[in-house]
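I've put the structures underneath this note.
Here come two complexes built around chain A, the first alongside chain B, the second alongside chain C.
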Partner chain A sequence: MISFGTYSLIAALFFTLLSMGLFLSGLARNNVRLVQAGKRGLLSAAIATTLASVALAWLFLTDNFSVEYVASYSDRALPLFYKITAFWAGQKGSLLFWAWVLSVFIALVIFNNRREADDRNTPYIYLVLAGTLAFFLFLLCAISSPFETLGFMPRDGQGLNPMLQNPGMVFHPPILFFGYIGFTIPFAYAVAAMITGNTGADWIRKTRVWNVLPWIFLSIGIILGGQWAYVELGWGGYWAWDPVENASFIPWLVSTAFIHTAIIQERRGVMKVWNMVLIQLTFLLCIFGTYLVRSGILQSVHDFGATGLGGYFLVFMIVALIGGIYLLAESYNEFKTPGSVESYLSRESTFLFNNVILLALAFATLLGTVFPIISEAVTGNKLTVGQPFFNQVNTPLFLLLVLLTGICPLIGWRKASVSNLRRNFLRPALTALLAGVIMAISGIRELYPLLAFTLSAFVGATIVQEYITAIRSRKKLTGEASAAAAVKLLWKMRRRYGGHIVHFGLAIMVIGIAASSAYKLESQGTLRQGESLSIGKYELKYEKFRKYDKFNRTIYAAQLGVFVDGKRIDEMEAERRYYINAKQPTTEVALRSTLIEDLYVTMPGIGRGNEITLKVAVNPLLIWVWLGSTLMVIGGILAIIPARRKAACSE
Partner chain B sequence: MKKSNRKVLIAILVLLSSVGFLIYRGLAETSVYYLTVGELKTSPLGLQLGADQAVRVGGLVVDGSIDYNQRDLTLRFSIKDENNPQQTINVHYNGAKPDAFEPEIEALLEGIYDREKNLFRAETLLVKCPSKYESEQENPQEADK
Partner chain C sequence: MQRITFWFVPPLLLVAILLMPICSCAELTQTEVSESLICYACPGEPLNIDRCGGGDRMRADITRLLNQGKSKPEILDYFVAQFGDSILTTVPKKGFNLVAYTGPFIALLVGIPLALLIIRRWGSAGRRQAVERGATEPTVTLDEQTRLKIEKELADLDEEG
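== the complex of A and B ==
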């Protein structure tokens, strides 16, 4: 099985290089059949990487510890489920996973375009995709193969880190990877268009969809990562501005910018150059993120350490960057469009500001992330920034973005009239004002939370207003009942309402972030059985202690009664787990989540006589973060469900 | 240039300069030096740090130095310079001991250093997860590449 895996990888590399050759000669001779053959080569490469992945999974399932990678990330006691996820627990396996997903994505692109005749862009698109795949396969074959053997069969493996033995491990890494990898496709489309100068309506439509899809995956991946951190790591938060978190957030911001300006290009045929820049930037930042994680140049809780791959990623990135800049300069005249904004009171201009802010957020986050490296290079001393920097810089920018989210749908395309504006703004502005006043009266005096609540109310109100108006006019037109009109409208114009749902979710998420970060309560204490600890309106009583074995771990659990006003409303169980093969215990978070607030308990210590130490927090509205971000994903999915041929679903 | 374009351009320039200002202020107010134990104790930069100036320091936890009071959640330990293990400082941290905390692990602290007492009061304590991904001791062939 080991050599089967190795040979599959070599075969995949061979097929990929072969198809690159076919595309190149197809281009040189203007021969369509060579291009078709090249596509078949890429499909064969996808099959070969799939076989290699099956081989690695098989080695994990059969406990073949003679393979160095399997021995490092698995052991006999590991539950079956995690033996499969151990596939991507380390650097080598995740690299194979990357190549596999990319090859499958390429196969999907081929499948998706099967009915359409090739145009001038086609060979270039596949050439770029194949080139990227070849890079990863080369690393796997020559530098960092997961099939490397130890030369002997150890009795047992070293096991999987307990922190990775969490359901989060099943979905978070792969989905995040889908996002990173997916951005290769719009990048390929952009490079092809820059070479041929061909950016028709079809090009922007496809590029947009291939950009929204990875955007959705990246969003889900980031959310799942936050949730995992929240329920598993036990420090009480979901986002720490850690370099690796930032590495996923930065391309997310840039691709969000593109999703917006793509609409302008689609409607008005302008901003082509800018959009090329955004697409390339997104892809480069994805590779840069991978470089950060695998080069060991930054201190992070979840980097891979120095893997020896950093240099290769750096070279790949520089090649892509220089190539991109060159192509952009070459095609600049072709794509250049005349000054486009007709009025500063237009939806176009709000999109421009939206782009400026998104890129400013991306820039500030990137700068903060790499600041230690820059400062060391410039001054010789390492200066670092942490959470305070990111919060201080990004919070006002983010609030401005929320404000724009509210304003944008109220302003028409091209040029909005003042009376029109007054009518549209009235109700949302009053709603926001009312929300602000109520908040201020109920004791919220800090500027940022107050602004966050007010602006979110504004965004919500503009969306609701737009939706109600549209339902009314549809009822008039079709004579449908309100509910039917509401549903049909949502479905028929799903691209527009998908966008609105994303923005509505953003508003809800902002409320959750503001409330949970500004009004968090924390407490800690050490309790004997029968004693209790109070926080906010809650009282936690330490009732029982038990110890038991489960799968590959021993669990020490304290049962806590949750009391409010002397009434026992619930119970929670805080745990410490001792895994076989792990040196230290791990803390399990006990969580009681409601729409209003989360009660969050960890047990950092167990002492003599089963005396327990508890850390407790009350996080107000935290679940809103998850609800809002989930809505954002749902909206994104709704927006790219393809229209049937006849239904005109775009705006 | 059209009038409306000019207005938009001016607005964008205003926005960009405010962003620049925000970033500049953010860096000026929140950035801290990141030093090794040896640098903190002996380098010119380490010596000229103000008495209440926050600094980030990284080093290895000294074996046998860990004193954790679970009841008050106070953690005392020493860290040593990775390349120069004679250089050590004592650390005082109020908070729970992280799960992964153990001797010889790499700890990253942020806080204030009291030079006279050789005592570092840490506000934050991060440890590098040793086994999360490939660790260098376990896979020397990895580190060599």
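== the complex of A and C ==
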């Protein structure tokens, strides 16, 4: 199976390089059949990469520890579930997973376009895709093969890092990879459009799903990562502004900007050059994120060993950057178009400002992430840029973004009249003002939380107002009942309302972030059995202690009764786990989550006579962060569900 | 009355829900201080995340200083005196570090006028096009029925989009 995997990878690289040759020949000879043969070569590469992935999975499942990668990330006691996830636990497996997903995505693009005639963009699109795939396959074949053997069979493997033995490991890394990899598709279309000088919005229309789908994957990946970090002690809560976390957030911000301006190009035919810049930037930042994680140039709590691959990613990134700048400079005059916006007060303008803020946020996050390197190069002093810095710099920018999210739907395309603005702004502004005043009266004095709640109320009110107005118009036009009109509107105009749901989710998430950051309660204490610890309205009573073995770990668990006003309302169990092959114990969080607040308990220490040390926190409205982010994903999915082709088209 | 209820009850409910869990936490906690510090034994790892023995000693120091009634800046100064600025998670606002603080806002100061300039250019092009259109296309006043028909067709177009 080891040889099978190795030869499959070599075959995949061969087919990919062959395809590139066929595309180049097709271009040189203007021969469509060569281009079609190239596509078949890419399909063969996808099959070969799939076989290599199956081989690696099989080596994990059969505990073949003669393979260095398997021995490093698995052991006999590891549950089956985690043996599969160990596939992407290390760098070599992640690279194979990346190559496999990219090859499958390319196959999907070929399948989707099977009914469309090849145009002059086609060979360039597949050349870019094949070039990217070839880069990863080259690394796998020549530099970092997951099928490398030790030369002997150890009795057992080293096991999987206990922190990675969490259900989050199943979904978070692969989905995040789907996001990173997915942006290769619109990037390839954009490069092809630049080379051929195809200045229309065709490439944006054709990649409409591929523009949003990676964004959805990236969003889901970030959310799942946040949830995992929240329950995994040692990762600093759901968001710690760690370099690895930032590496996923920066392309998310830039791709969000791209999704907005792509709409403008489709509708108004402007911002063609800007969209080219944004999609290239998104792709480069995805590669940059991978470079950051693998180069070891920055320290991260999510870092599981730096590799020697940083240099290769850097070279790939530089080639893509220089190539992109060159193509942009070459095609600039063709893409430059006069606009047709009549006023500063137009939706196009708000989209542009939203872009400025999103990019400023991305820049601030990038600058903070790489500042330790810059600082060391300039002053010789390697600083650590942590959470307080990012909160200080990014919070005002983020609040500005929320404000623009509220303003945007209130302003029409092209030009808004003053009366129109007055009519649209009055109710949301009054709602926000009322929310702000009531909160200020009730004791919220901190500026940022106050602004966050007020602006979220504003965003919510604008969306509700727009929806109700649209329902009324539909009722007037069709005579439908309110509920039917509401549902049909949502479904038939899902692109628009998908966007609104994303924004509504953002408002809810902002409320959750503001409340859980600003009004968090914390307490700590050491308890003997029968003793209690109070926090806010809660009293936690240490009731029972037990020790037991499960799978590959020994668990020490403390049962805690949760009391409110002397009444027992629930029980929680905080754990410390000792894994086989792990040097240190891990602490498992006990969580009681409601719509109002999370009761968050950890047990950092166990003393003599089963005396326990507890760290307890009450995080207000934290679940709103998950609810809001889930709504954002639902909105994104709704927006990309394609419309059925109407029979009327043929009439 | 119905309209007032419609527009004001939801925000009031929202506010009521928001207020429920909120209470102020005036007392400075060990976590609040450790968020601003890096573990001296594990470079790059914030003290609130770190779990090593070196971190335990720093946390014990924080608890001791808190019990002595020291404020957060005083405790941070205590650690900076021992380990230098690199012990802080917040970059001190001085010297070259100001680049990190001002960089994003300078970008914004450049970005916003640039955006205004672009909109202005769009605007002049738009006005030119409008003038050209105006010279060739007659102005039409729509009756209510035609307006509704156009709205419906635009909505259908949107559905297809």
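Criterion: the second predicted complex is superposed on the first by the 634 of 651 C-alpha atoms of A that agree within 3 Å, B and C clash if a C-alpha of one lies under 4 Å from a C-alpha of the other, contacts with A are read in each partner's own complex, and residues count from 1 in each chain.
Definition applied: a contact is a pair of C-beta atoms (placed from the backbone, for glycine too) under 8 Å apart; a residue touches a chain by one contact, two chains touch by 3 or more.
Treat the numbers as computed from the prediction; the structure is a model and nothing was measured.
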Just chain B (first), just chain C (second), both, or neither: which does A:Ile10 touch? neither
Determine, under the contact definition given at the top, whether A:Leu397 touches first (chain B), second (chain C), both, or neither. both
Which superposed partner A:Pro604 touches (first chain B, second chain C, both, neither): both
Would you sort A:Leu383 into first (chain B), second (chain C), both or neither based on which partner it touches? both
Using the superposition on chain A described above, determine whether A:Phe353 touches chain B (first), chain C (second), both, or neither. both
Applying the touch criterion given at the start, work out whether A:Val104 contacts chain B, chain C, both or neither, answering first, second, both or neither. neither
With the two complexes superposed on chain A, say which partner A:Ile623 touches: chain B (first), chain C (second), both, or neither. neither
Please work out whether A:Val273 is in contact with chain B alone, chain C alone, both, or neither, and reply first, second, both or neither. neither
So, does A:Met439 touch the first partner chain B, the second partner chain C, both, or neither? second
Identify which of chain B and chain C touches the larger number of residues of chain A. C
Footprint overlap on chain A, where chain B in one structure and chain C in the other make contact: 234, 299, 301, 339, 341-344, 349, 352-353, 356-357, 360, 363-364, 367-368, 371, 375, 381-386, 388-389, 392-393, 397, 524, 584, 604
Help me check something: in the complex, which residues belonging to chain C touch chain A? 7-8, 10-12, 14-15, 17-25, 29-32, 35-36, 38, 43-46, 48-49, 51, 84-86, 88-91, 95-97, 99-101, 103-105, 107-108, 111-112, 114-116, 118-123, 125-130, 148, 151-152, 155, 158-161
In the complex, chain A touches chain B at residues 68, 72, 89-91, 143, 158, 161, 163-164, 234, 299, 301-308, 339, 341-344, 349, 352-353, 356-357, 360, 363-364, 367-368, 371-372, 375, 381-386, 388-389, 392-393, 396-397, 524, 526, 582-587, 602, 604-605, 607, 611, 613, 615
Note which residues of chain B are touching chain A in the complex, please. 1-2, 4-5, 7-8, 11-12, 15-16, 19, 22-23, 25-27, 29-35, 45, 56, 58, 68, 70-73, 96-97, 99-102, 108, 110, 124, 126, 128-129, 131-136, 138-139, 142-145
Considering only the defined contacts, which chain A positions touch chain C in the complex? 233-236, 240, 270, 298-301, 338-344, 346, 348-349, 352-353, 355-357, 359-361, 363-364, 367-368, 371, 374-375, 378-379, 381-389, 392-393, 397, 414, 427, 430-431, 434-435, 438-439, 442-444, 453, 457, 460-461, 464, 473-474, 476-477, 492-493, 495-496, 511, 515, 519-522, 524, 536, 584, 595-597, 604, 618, 620-621, 643, 646
